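First subunit A sits with subunit B, and in the next complex the same chain sits with subunit C.
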Partner chain A sequence: MGPVLAGVLQLLALIGALALAYIPLGNHMAKVYSSDRHWRVEKWIYKGIGANPDTEMRWTAYLRGVLAFSAAGVLFLYLLQRIQGVLPGSLGFSAIDPDQAFNTAVSFVTNTNWQSYYGEQAMGHVVQTAGLAVQNFVSAAVGIAVAVALVRGFARSRTGELGNFWADMVRGVTRILLPLAFVAAVVLVACGAIQNFSGIHEVGQFMGGSQQWNGGAVASQEAIKEIGTNGGGYFNANSAHPLENPTPFTNLFEIFLLLVIPFALTRTFGIMVGSVKQGYAILATMGTIWLGFVALMMWTEFAHHGPAFQLAGGAYEGKEVRFGIGGSSIFAVSTTLTSTGAVDSFHSSFTGLGGGITMLGMMLGEIAPGGTGSGLYGMLIMAIIAVFIAGLMVGRTPEYLGKKIGTREIKLAACYILITPALVLILAAAAMALPTPGNSMTNSGAHGFSEILYAYTSAANNNGSAFAGLNADTQWFNTTLGIAMLLGRFLPMVFVLALAGSLGEQKPVPVTAGTLRTEKPLFTGLLVGAILIITGLTYFPALALGPLAEGLAS
Partner chain B sequence: MYLGSVLTTVFSFKDPGDWFGWAISAWLWLTVVFANLAEAVAEGRGKAQADTLRKAKTDTVARRLLEDGVEEQVPGTELKIGDLVVCEAGDIIPGDGDVVEGVASVDESAITGESAPVIRESGGDRSAVTGGTKVLSDRIVIKITTKPGETFIDRMISLVEGAARQKTPNEIALNILLASLTIVFLLAVATLPPFADYAGTHLTMVVLVALLVCLIPTTIGALLSAIGIAGMDRLVQRNVLAMSGRAVEAAGDVSTLLLDKTGTITLGNRQASEFAPVNGTTEAEVADAAQLSSLADETPEGRSIVVLAKEKYGLRERELVGAEWIAFTAQTRMSGVDVDGRGIRKGAAGSVVAWVRERGGEVAPDAQELTDRIAEAGGTPLLVAVEDTDGARVLGVIHLKDVVKEGMRERFDELRRMGIKTVMITGDNPLTAKAIAEEAGVDDFLAEATPEDKMALIKREQAGGKLVAMTGDGTNDAPALAQADVGVAMNTGTSAAKEAGNMVDLDSNPTKLIEIVEIGKQLLITRGALTTFSIANDVAKYFAIIPALFAAVYPGLDRLNIMGLSSPDSAILSAVIFNALIIIALVPLSLRGVQYRPVSADKMLRRNLTIYGIGGLVAPFIGIKLIDLLISLIPGIG
Partner chain C sequence: MNNSVSNTVRLLGAGLRALLVLTVLTGVIYPLAVTGVAQALFNNKANGSEITYEGKVVGSSLIGQQGYSLDYFQPRPADGLGENSVNTRYKLILSGATNRSGDNPELIKWVKEAKAKVVKENSAAGYTVKPSQVPADAVTSSGSGLDPDISPQYADIQVHRVAERNHLSVAQVQKLVDDHTEGRTLGFIGEPRVNVLELNIALKALVAKS
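And now, the complex of A and B:
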């Protein structure tokens, strides 16, 4: 079996598995967020945090919940790292420096999981498990909660009430993420990932010398790392590390895990707005972009010219032979099109164009299928923009799912789409213009620029993957990337929730033959086009000077 | 835009030997000129109309009536609300008001363009007069209802001039989106110099401004207000005055149309369609008697009986000698003729039956059946009876029918395809209403409609999220006109109705509501189509400019020069020139509006996306290439 065929077969198996999970998981999530019963363990949690899970919240209250909860998370995680030196089970690691602690705290709370540290050389068991792993769950649950609030805004009318943040967040953890992560962790352990609290082992190498191996609760963190589209690896090598991702099967399984919730949420959305077809249209949009990117990536990686590539049968540099070019390409595209940012290969070593594809994937705003929750709300914002332009072309005030897209709605959507380009471009330009940040580049020329562009793209879009090569543990990068992650996560949430509030207050417009049908393929095509053109226009000059310059040179 | 032009010009001055900087600045200035041109052309059209209107508004002298009945001469500009003024034949009416005394024929051509005079009389629904129109006969006393300077004609002038134009909600929303796109492109261009410096090439200000101007949505930005003005203008050309742009836009969103039956769906009058004989008589006999009785009847119904008799039975009009005509009165409820010893009557069933019985005649037993059948079919039965040597008897029944205007069914089908529901409003009984509704093909009807019923219907539709449009003319229509999202008042109507509606139809043609909806839709479509076109254009401009800027440092980027433009300078210049010329090229389209056909939203989207989306992607590739071919012929550039 040739490597191309292997890649295609893996892709087909992946699509099959996602298709099987789509309806049950989507239905389950819709039920979770529509139910008015609380589990006993949830009641304890509500009592513990002093929240009333039954009050309906307006968007401002919902937002206060999101921000307060996340701020507490950042603070806790920061302190935990700062006092690591005196914590038990720290494997002898000392406290983390303030700028790196800030960066890491923000990184995990924003579901970015950018890591400027080496997991096995800096973080002990307590920080990894009680700090980072906890945020892996709750930051994902916060994302889904905000998406659900927006969906409620579409589904409800004549009310500003969007549900209860605490109930949505807690249920996301207890009823969706924990059960899934448990099953996934068992599967990973069965396939060879480790799960223990042992210390550091010195292991002799075949070629002489020795290396260190850490123990740790790896499988459990690996599971939620993918399911919650987090991406922060236990080890620095992330999913390329054999103890995180031992076999080609676990590789495919991990790709499945990181895609399954974002895709299935479109079903949840369809059910909650009362038309599963609308959910399918969004799914089709996400699926088209994802599949297109996978195909492009496989093409660039397999068909690269040059004697070394031809000898190896493709662009093997930086990829694990275990996973092959196919598996690595699917992983790379999936991790950058979701907000995961886990890597099983070095994106920096992909071909120039391949590296560009990973960047473009993040630049789309991570909406195909995107992060848990954030993918859905990001895509719905793009749908609003597309509906606005297309809606005018059918001669009516644009409307989506029965809600008019008026001045206020378009204002909020426009603010949303401005944030990440502003963060990426301004911070990258500042890094290039200032004398010191450039010293962190490993490479010169277009590839060096790609390292910096990739870093800000990854942070502002809450992806968290790194291009490798950039020494990001400097004060400048820890701070600016931290700011990019923080603003890139919470400013959009402000606009999404405000939008949800304004949509929820509207009365619905009935569907007539004059209404733009947003569940038809024509609209899906339009949406794909709008996303590609708007993103393309924003980033084309920057991409031209980085990956395009490199990729087209050979 | 101005800023960009000024900047490039300043930089060109700093480096006067640089032809490229000069050429770019020149074209940027042209872009500014073209952008303003579009709006100026649109406004120019309105100005011409405003001038015509101003002529009608020449200062008039009003004859104010004081309480003691004495008249005094005051300038029209000094009138106050509530003043009584007198107008006689030849006078120009000094201000808007209601006739409180007298009847007069008035020439309203100054505002409607219609030369046939109209009747204005006190009381009723035809009491409103408009300042600037001319009394042709008789004397009327008018109570002034508007302040000078705020009259109908003043509002009309400011409307067509565009002075009173406010941005509509959709226009504001579109502006916000365009502004955010502008910021995105500003970011993309402003962050480029540090990236380029790192790559080893320095970008001049001229080049950056050129890139920015090409990318920001100048095309649609320049045409946006022209599209709005032109939309209003299209309404004015159809003799409709929209009091706000918001109403025009709302017209595009309308999903329920309330249409008055009479005058809109049916011709104003009933017409004879059939002569139905009772047992023992023939159709020809009925036709003959009906025609005789109607020869002197000048009502439209009477004329239609004569016409039907001629068309169907070949009965010519005859001169009757010594005939005594019996005219219709509200008491007798019948008309007819006595001639040659024969008496013929036609009229309402009850009256004619009574007439026959009085004369000892008998009523054929099936006469009742015939009248019932006609009433059920939505018609009005007229009984025809005769008294001659054989005694008095009923001959038959004339079927008077509401005639649905030609082409209405197709019109309603079109509306249905556009997703608009039509509701017929009529004072008829439900039976008649149903029959006519079915014949005309409307979706629903409201029979025996009172103003309260209308109001309730509008509120019910609006509660379901629908936008409702209606026409009206009477004072009792005013609340409903105000409640409707689009209320079109007939110019012949009362001033209360005109105040309440947000549009006035100067032709007083209720069918025009359909055209108004189409104009509203066309306005939105034009905006959407040109926005799509403008954004899609940018793709090609990148392909022209980016390789031009960076192929020198990264030769691989020359592969992006898929148009094969001859040199970096000519590539950038071509993109700038294309950007300017496309504005001019689209001015006619923005003034005329995108072609509108009443089809479903899906078909419309497919069509417009193909033309303006895909067309917008492809057109600039061709345009820029052609301009580049021309430019490269200029020595020293290519």
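And now, the complex of A and C:
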């Protein structure tokens, strides 16, 4: 069997596994966010918070909950890193500098997991497990909660009430993320991922002498890092590191983990709005884009254009033998089309076009299938844009899921889709225009520009992967990327929740002969087209200067 | 004004309390529970899959090593590996890739040199390695810099050199390589591979025996 066929079979196996999980997980999540029963452990948690989980919140109260919880997260994580030097269980590692601590705190709270530090030489047990890994859980749960609030806005009418933020967030952790992460972590250990607290220790070498390694709670962090579409690695090499991702099977398993919740949420959405077919239409849109991107990536990586790869006889630079070109290509596309940003191979050493595909995946807004929660709400915003475009074509007031898309709704959706491109393009332009940021580049020419464009694309879209040649541990990059992550996460949430509030207050419009049937393949086609055209128009000039220039030259 | 300030403080307090409670659950109980299960059921794996030879730990089957003498099978290059620059009382290996692009002049130079080196080192008496026989993994660095594996093709072209330097027959060494070649998982997941450390341990044992 050739490597191409093996890659295609891995893709089919992955699709099969995702299909098997789709209905049970989607149904389970719908039940989690519809149930009015509280688990005993959840009652303790609510008592600890001092919140009544049965209080319905309007969008402003829901948003205040999101912001207060996230602000506390940033503050706590920042302080934890700043006092690392005196914390027990820190392996003697010193405090993280203020700019890097700010960047890292923001990065993990916003579900980005951009890392300007080297995991193995900077973060001790306490910061890794009680700081970073905790945000892997709760930032993912916040994302799902906001998506669920938007879905309730569609599902409910004549009320501005969107549910209770504390209940939604806590349930996401206790009933979805924790059980999945526990099982996944044990599977990863069984395959060779490490899980211990041995700290830094010497291990003998074959030719004599010894090496020093970090031991740590790697598998438990690896599991939630994929399930929560976070992506921050315990080690610098992330999921390319054999102690995080030891075998070809764990590689496929990790890709499954990072895709499973975002895809299954479309089922949850369908159930909650009372039509699973609406969920299938969204799923089909996500699946079409994801599959198309995987096919393109495999094609360009197997073709290995680029002088160094032609000379080597394959695009193996930055890729592990055990995963191969196929496994690495599927991982790269899946991690950039979700908000994960974990990597099992280094995107900077992909072919020029391959690197462009990873960037374009993020530029689409990470909606195919996107991050936990953020993928669904991002895609629903695009659906609103698509019905608006369709409405303009036929001259009817656009509707989606029985709700009118009026002036207020379309303004909020438009604001949503303008935020990340504005952040990416303005900050990348500023970095290129200023004299010093360019010194951080490892590569020159088109690829050097791509390093910077990739960094802001990754930060503003809360992805976290990188063209890692860029030395991002400078005050300029720590600060500006931190701001991009913050605004790129929370401004869209403001618009999503405002939209949810305004949709929930409407009364439903009856379906008539003139209603655009949004559960039909025609709509899926329209939606895919709208996504590609809007992103294409926004980013084409920037992509032409970077990955397209590099890819077409080779 | 005062009212909104006190509201904000109250809300931040709730956020902080929520974070602390969830930290206990997901940042303390969860990792400890996983560690307990891992240490009880998969002790060797949870601690890094260490391999011993003649009673001494010689590394991990998962972590590739550099610095093998030419008597042994060579791993992939690791031009992206680093040394730690903070907390320097440790000598930690920093995993990582070169992050060089396909048109990067340095990478082109490294690949050229690596290829010439592989051809030169492995061409033994009566056996010439052609540049076209050198597989891509032999001349490129992995993503982690710690890739424990090489492709079977790269192992194959090293057989003659290793046999000659250890006074073994080519057939003996080739059999060793074949025995240590792992196919794709379930026939289609990943790529066929040879674990360099395990192969070299087996080679050392064979040399000691003969």
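The definition used in the following text is that the second predicted complex is superposed on the first by the 532 of 554 C-alpha atoms of A that agree within 3 Å, B and C clash if a C-alpha of one lies under 4 Å from a C-alpha of the other, contacts with A are read in each partner's own complex, and residues count from 1 in each chain.
Basically, a contact is a pair of C-beta atoms (placed from the backbone, for glycine too) under 8 Å apart; a residue touches a chain by one contact, two chains touch by 3 or more.
Fair warning: this is a prediction, and the values are worked out from it, not measured in the lab.
Of the two partner chains placed around the shared chain by superposition, neither subunit B nor subunit C is touched by A:Ile227. Judged by the touch definition given at the top, the superposed model places A:Gly92 against subunit C, while subunit B stays out of reach. Legend: residue contacts after superposition of the two complexes on their common chain; A:Ala553 is shown touching both subunit B and subunit C. In the superposed model, more residues of subunit A are touched by C than by the other of subunit B and subunit C.
Look at A:Ala513: by the touch rule set out above, it reaches subunit B but stays clear of subunit C.
When the shared chain is aligned, no partner comes close enough to touch A:Val333: not subunit B, not subunit C. Residue contacts after overlaying the shared chain place A:Pro3 against subunit C, while subunit B stays out of touching range. By the touch criterion stated above, A:Ala455 is placed in contact with neither subunit B nor subunit C.
Taken together, the two structures place residues 445, 550, 553-554 of subunit A in contact with subunit B in one case and with subunit C in the other.
By the touch criterion given at the top, residues 1, 3, 5-6, 9-10, 13, 41, 44-45, 48-51, 64-65, 68-73, 75-76, 92-94, 118, 120-122, 129-131, 133-134, 137-138, 166, 169-170, 173-174, 178, 181-182, 185-186, 189-198, 200, 203-207, 211-215, 217, 219-221, 223-224, 235-237, 240-243, 246-249, 251-252, 304-309, 311-324, 326-327, 343-346, 348-349, 351-352, 355, 442-443, 445, 447, 450, 467-469, 550, 553-554 of subunit A touch subunit C in their complex. Interface residues of subunit B, counted against subunit A in their complex, comprise 169-170, 172-174, 176-177, 179-181, 183-185, 187-199, 215, 249, 252-253, 255, 416-421, 463-466, 520-522, 524-525, 527-529, 531-532, 535-536, 538-539, 542, 546, 550, 553-557, 559-560, 596, 600-602, 604-606, 608-609, 612-613.
On the side of subunit C, the complex with subunit A involves touching residues 8, 11-23, 25-28, 30-31, 33-35, 37-39, 41-42, 45-50, 53, 56-60, 62-65, 67-69, 72, 76, 80, 82, 84-87, 89-104, 107-108, 111-112, 115, 132, 134-137, 139-151, 184-185, 187-191, 193, 197, 200-201. The part of subunit A that touches subunit B in the complex is made up of residues 385, 388-397, 402, 405-407, 409-411, 414-415, 417-418, 421-422, 425-426, 428-430, 432-433, 438, 445-446, 448-449, 507-510, 512-517, 520, 522-523, 526, 529, 533-534, 536-542, 544-545, 548-554.
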